[in-house]
Amino acid sequence: MGDNMHEINLSNYDLRTDLIVEQNIKKDEISKYSCNNILVESIVLKKNNKLNKKEGKYITISYKDVTDNDNYNNVLEIFQKELNKVLDYLKIKKRDKCLVIGLGNKKIISDALGSKTIDNVIVTRHLYLLNNVDKNYRNVSILEPNVIGVTGIDSFEIIKNIVKGIKPDFIIAIDSLCAADIRRVNKTIQITTSGITPGSGIGNSRIELSKDTLGIKVIAIGVPTVVDSTVIVSDTIKYLLKKISYLKNNDNVIDKLKPIDKVDYINNNYELQNEEKKEILGYIGLLNNNELKRLVWEVLTPIEANMIVTVKDIDFVIDKLSKLLSQGINNVLHHID
Amino acid sequence: MGDNMHEINLSNYDLRTDLIVEQNIKKDEISKYSCNNILVESIVLKKNNKLNKKEGKYITISYKDVTDNDNYNNVLEIFQKELNKVLDYLKIKKRDKCLVIGLGNKKIISDALGSKTIDNVIVTRHLYLLNNVDKNYRNVSILEPNVIGVTGIDSFEIIKNIVKGIKPDFIIAIDSLCAADIRRVNKTIQITTSGITPGSGIGNSRIELSKDTLGIKVIAIGVPTVVDSTVIVSDTIKYLLKKISYLKNNDNVIDKLKPIDKVDYINNNYELQNEEKKEILGYIGLLNNNELKRLVWEVLTPIEANMIVTVKDIDFVIDKLSKLLSQGINNVLHHID
Amino acid sequence: MGDNMHEINLSNYDLRTDLIVEQNIKKDEISKYSCNNILVESIVLKKNNKLNKKEGKYITISYKDVTDNDNYNNVLEIFQKELNKVLDYLKIKKRDKCLVIGLGNKKIISDALGSKTIDNVIVTRHLYLLNNVDKNYRNVSILEPNVIGVTGIDSFEIIKNIVKGIKPDFIIAIDSLCAADIRRVNKTIQITTSGITPGSGIGNSRIELSKDTLGIKVIAIGVPTVVDSTVIVSDTIKYLLKKISYLKNNDNVIDKLKPIDKVDYINNNYELQNEEKKEILGYIGLLNNNELKRLVWEVLTPIEANMIVTVKDIDFVIDKLSKLLSQGINNVLHHID
Amino acid sequence: MGDNMHEINLSNYDLRTDLIVEQNIKKDEISKYSCNNILVESIVLKKNNKLNKKEGKYITISYKDVTDNDNYNNVLEIFQKELNKVLDYLKIKKRDKCLVIGLGNKKIISDALGSKTIDNVIVTRHLYLLNNVDKNYRNVSILEPNVIGVTGIDSFEIIKNIVKGIKPDFIIAIDSLCAADIRRVNKTIQITTSGITPGSGIGNSRIELSKDTLGIKVIAIGVPTVVDSTVIVSDTIKYLLKKISYLKNNDNVIDKLKPIDKVDYINNNYELQNEEKKEILGYIGLLNNNELKRLVWEVLTPIEANMIVTVKDIDFVIDKLSKLLSQGINNVLHHID
């Protein structure tokens, strides 16, 4: 195989990763807590950090489910708490005016999280113009720039011009993200102060929304709702090695009595030796993450099988998630009893 | 009755009229033609005209139906022809960039004509940015500002800022209008170069979109899709007098043999004498149009029965009309075979 | 006028009335109560009653508003209470299986009340089939027969065959109705045990859903969401007489100081004399209700101006009403804490 | 690894396959033709065939694209031609009455193909009831049974009862399918006379719609719109072996000059030897298809990563496909010029 393998250039393949926790971050830089089975990871990156990521606070909320009522309320509570902390971190005051932006394309349901969230945000800016509003409500307006493929206008351009015109004090922007780990699809909320680059549509100029480009504070909220099939395959191969390693090294009698598909092997930390990896998966077992993704991409692309996919019942999930985000945003922005 | 009647101030009641043909215009100022049962009326108003209307060209296309296939195509053809004439009148060139604006609130179907029309407009501005486009397509982008009650931002403010940012050469703005004659609901397309004032929502600042306010040429396209119940009542009373006058003065034997609800009395020009009007409708018969509307309004308002209404199957009608307008706009803006 | 007037046949015009309270009912047959500005009227009709209406219990709930939160909850509470009484009246037991039917055409929003209501009804029949359900939930299934103009199948035929097949113990059917009084549009819920005749679409065979035709108990719930423009006009003329009579006979100083459009004249019981009616409205003032409606119909029909209309923001109203009905139905059918 | 490997039972794992061409069929049983890059495969299975599949005619239309206008028209033409042949095969006559059924759940867009297709089918049964129809139109009605998880009623039960009631001569049923090959998602239309088993929802009794169960002829039309992530992974591993084998055995100079992701290796028929497979993919390389799928399933299930997925822009694809199917069905059922 060797010779032909060299023809596959595995050097600089870089799949888009929207989530900070999917980067290689040292464990001691992250502060964590967990509550009701929900994990909150928080990190503050400085300028010129080694991850080559923008400076700012990144919060990642990981949960199992938001469709059950109790789970929904637990996630909502933590989302509100963390969003509140971000407002404090950015020193946003009670009277500061907010523009909430729903990014994405509402006609493609997996990309409609932003649009559906702002549908339920309580809007008051017009009442402030009339001086006809309970001051416990913050001055809030919304904007749905849609995507350049639909409007012909870059969403950044729309936002920049509206911000210049109506002068809000800060922005909250919501978008659907692309997951780089299959287990995160619809199961992670990321909040960050470092800005966001909307969409990945063809011809999108992809200019970042951030304090640098807009002159005002930007809070970005994202949920990964789609995943590349390359990721599905390379993740599974990674998990396959993990599972076999677990089975080899686990003496836990209870696990042995469980049906094989109930054994949760994911927290197994035993590392397979190269020799073992090769036995199980041949040459493929020896590739690092990037090489593996590149290879899978090269297998799928020529046969037009490299799809960006979403879960079958995405309509239902987006409905729940957009309700949760809008409810949380309303509770944090406004001070209603 | 007299004394109490005086308490009702009928002097300066002015119901909103979006259509120029519903104004009192001298017949010789209007140029007309009719084709396939479709009437086209055209008028050019000078500055400081007696109607107190903005200067500009006003075209009114009146038709019976757009749901039948043949009727649809006939109206489409005339709409395209007239829209083309308006582009010529404004000296708009083949390379001039157009921003098509869908006014109104897409969640209220009777107000969604603009939004649904731009959904089907062919957009190319992003392809021009990439220099990747057949030059027979004009540079076109779309904008859906929504209404201030939903976004907190006046639609004029959104448009003004986007126009400043992306600098189109001219605007086509589409909106649902309010009819001042029940027979025009969904049956008239008005095209004008004099600008348009979006919406009538609560708290809407109602700033006009026009060359004066935006600095570029504006073509406004409107269809009356709603009507005030005050208009329904006062129109019907007006028609009632007309019908009875027709019955009194008509010797046409054929009409006498028709069932009463088939006799088209509308082109009857015989005027009832005041004495006759009083006999038929008492004091009410002697009121002029404005007085009658004011009176009806005063009857309906205190009992919360003064509604803005639309036809029952408005969903279906808006679907047809928005397709017709977008098809016509595409054919006029782009030069596709 | 006389002679010509005779040509207008006012004898047997009968506008459809879906609401029992719009019939001429003797006051002492109706039992009433009122709570939080909501009026509940209840009547039990025997077989072969003078109204020529089917025997059964008729409940009419009249309210001013359901869009405000408090009003919504007040109406919801009364709707539940009355629906519960109807289940008791029909001796429906806790274990009886219910089929909830949403009548109408979901693509025409004014006709979508039934369809949108059942969207939120909690369905359990499939869980009973699996024997996998908390028995505090009743056995409930839903059916959306749509309209014959869309499916080619009469909704009665669909319902009859499904009822035969799955054998529920009783039916709750929800439909949009046609109001015969402008003040009732969207402001009345009627519950009846006498059955319901779905739709009025072209070619609809209009067979009644009732115990007689289906063999099981039927509870019909309806809200008038549309109104005929004939009704708008004739109602307004009726109210006009009422208002002028009020102004003539009212010595209330406070009313005289109010702006004219704030004076609520509706509860005025003074009857104008014929002489006064004729002074105000001429011959028209002397017509009875049916004659007036017939006349208005004859004015509007030949000029194609007789429309069935709905309020402009019907989308919003249907959303609220369908939520209220589904919530009430769920609370009554199921016994959840 | 050996010992642990034995713990994974690979014997009888059977992933659902809705498509006949994904079965192991001998090549000489299939009749094929290809036109405009569209492949049509046709097979007639006898009773008690070796595939353990129901007897009947199976037609599979495979295409690359339906979003481009020309491709859409080419696929439409072939779909009509093949559907016509099926009607002939079943000896369906010009006057036979058809019930077109849209299976699936319209609220989950990937499952809405059936529902969206029947939305555009021309319905005439109600006009036949009125004897008011051009006889070139067939007697057609539609039915949308929805899914048991939504209605509480098995779709089979609804269909059976309606068929019993309205007695059509034959059924056309449209459903979204589950692909067992990633390259078929949205790119295959299957037409069969052998019946169809609707849905795979929880609690669905999954009774087959067929002549055996309904007593009338059934034509089933399906498009795979979703795929299991297990399939994505095991397919990719299969293709990976194929690609590497191609690279090893291909001396084509042109291919060597192409970028690696442009080399179409799929028609490579060289089979890797076991020794080579093991070198590339270790033990995994030696698994047969079923063993591989079972293993992947066992890796993904315990970590809740085994999702049924669909493409990101499924909304757009379903829109195109449902238009194509309804247009084809209308052209075949009715005889309009």
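As written, the chain order gives the labels A, B, C and D, with residue 1 at the start of each chain.
In this section, contacts are C-beta pairs under 8 Å (C-beta built on N, C-alpha and C of every residue); 3 or more make two chains touch, one makes a residue touch a chain.
As the structure is a computational prediction, the values presented were derived from the model and not from experiment.
Peer 1: Just tell me the minimum hop count from chain B to chain D, counting one hop per pair of touching chains.
Peer 2: Contact-graph shortest path, chain B to chain D, evaluates to 2.
Peer 1: Mind listing the chains that sit against chain B and also against chain C?
Peer 2: Correct list: empty, since no chain touches both.
Peer 1: Between chain A and chain D, what distance separates the C-alpha centroids? Give it in angstrom.
Peer 2: Those two chain centres are 33 Å apart.
Peer 1: As a quick test, compute the distance in whole Å between the mean CA positions of chain A and chain B.
Peer 2: 46
Peer 1: Give the residues of chain A that touch two or more other chains, as numbers and ranges in rising order.
Peer 2: none
Peer 1: Give every residue of chain A touching chain D within the complex, in rising order.
Peer 2: 1, 4-5, 7-9, 64, 107-111, 182-183, 185, 226, 229, 232-233, 235-237, 239-240, 243-244, 247-248, 260-266, 276-285, 295-305, 307-316
Peer 1: Show which residues of chain C lie in contact with chain D when the two form their complex.
Peer 2: Its residues touching chain D are 123-127, 129-130, 132, 140-144, 146, 148-154, 157-158, 160-162, 164-166, 203, 205.
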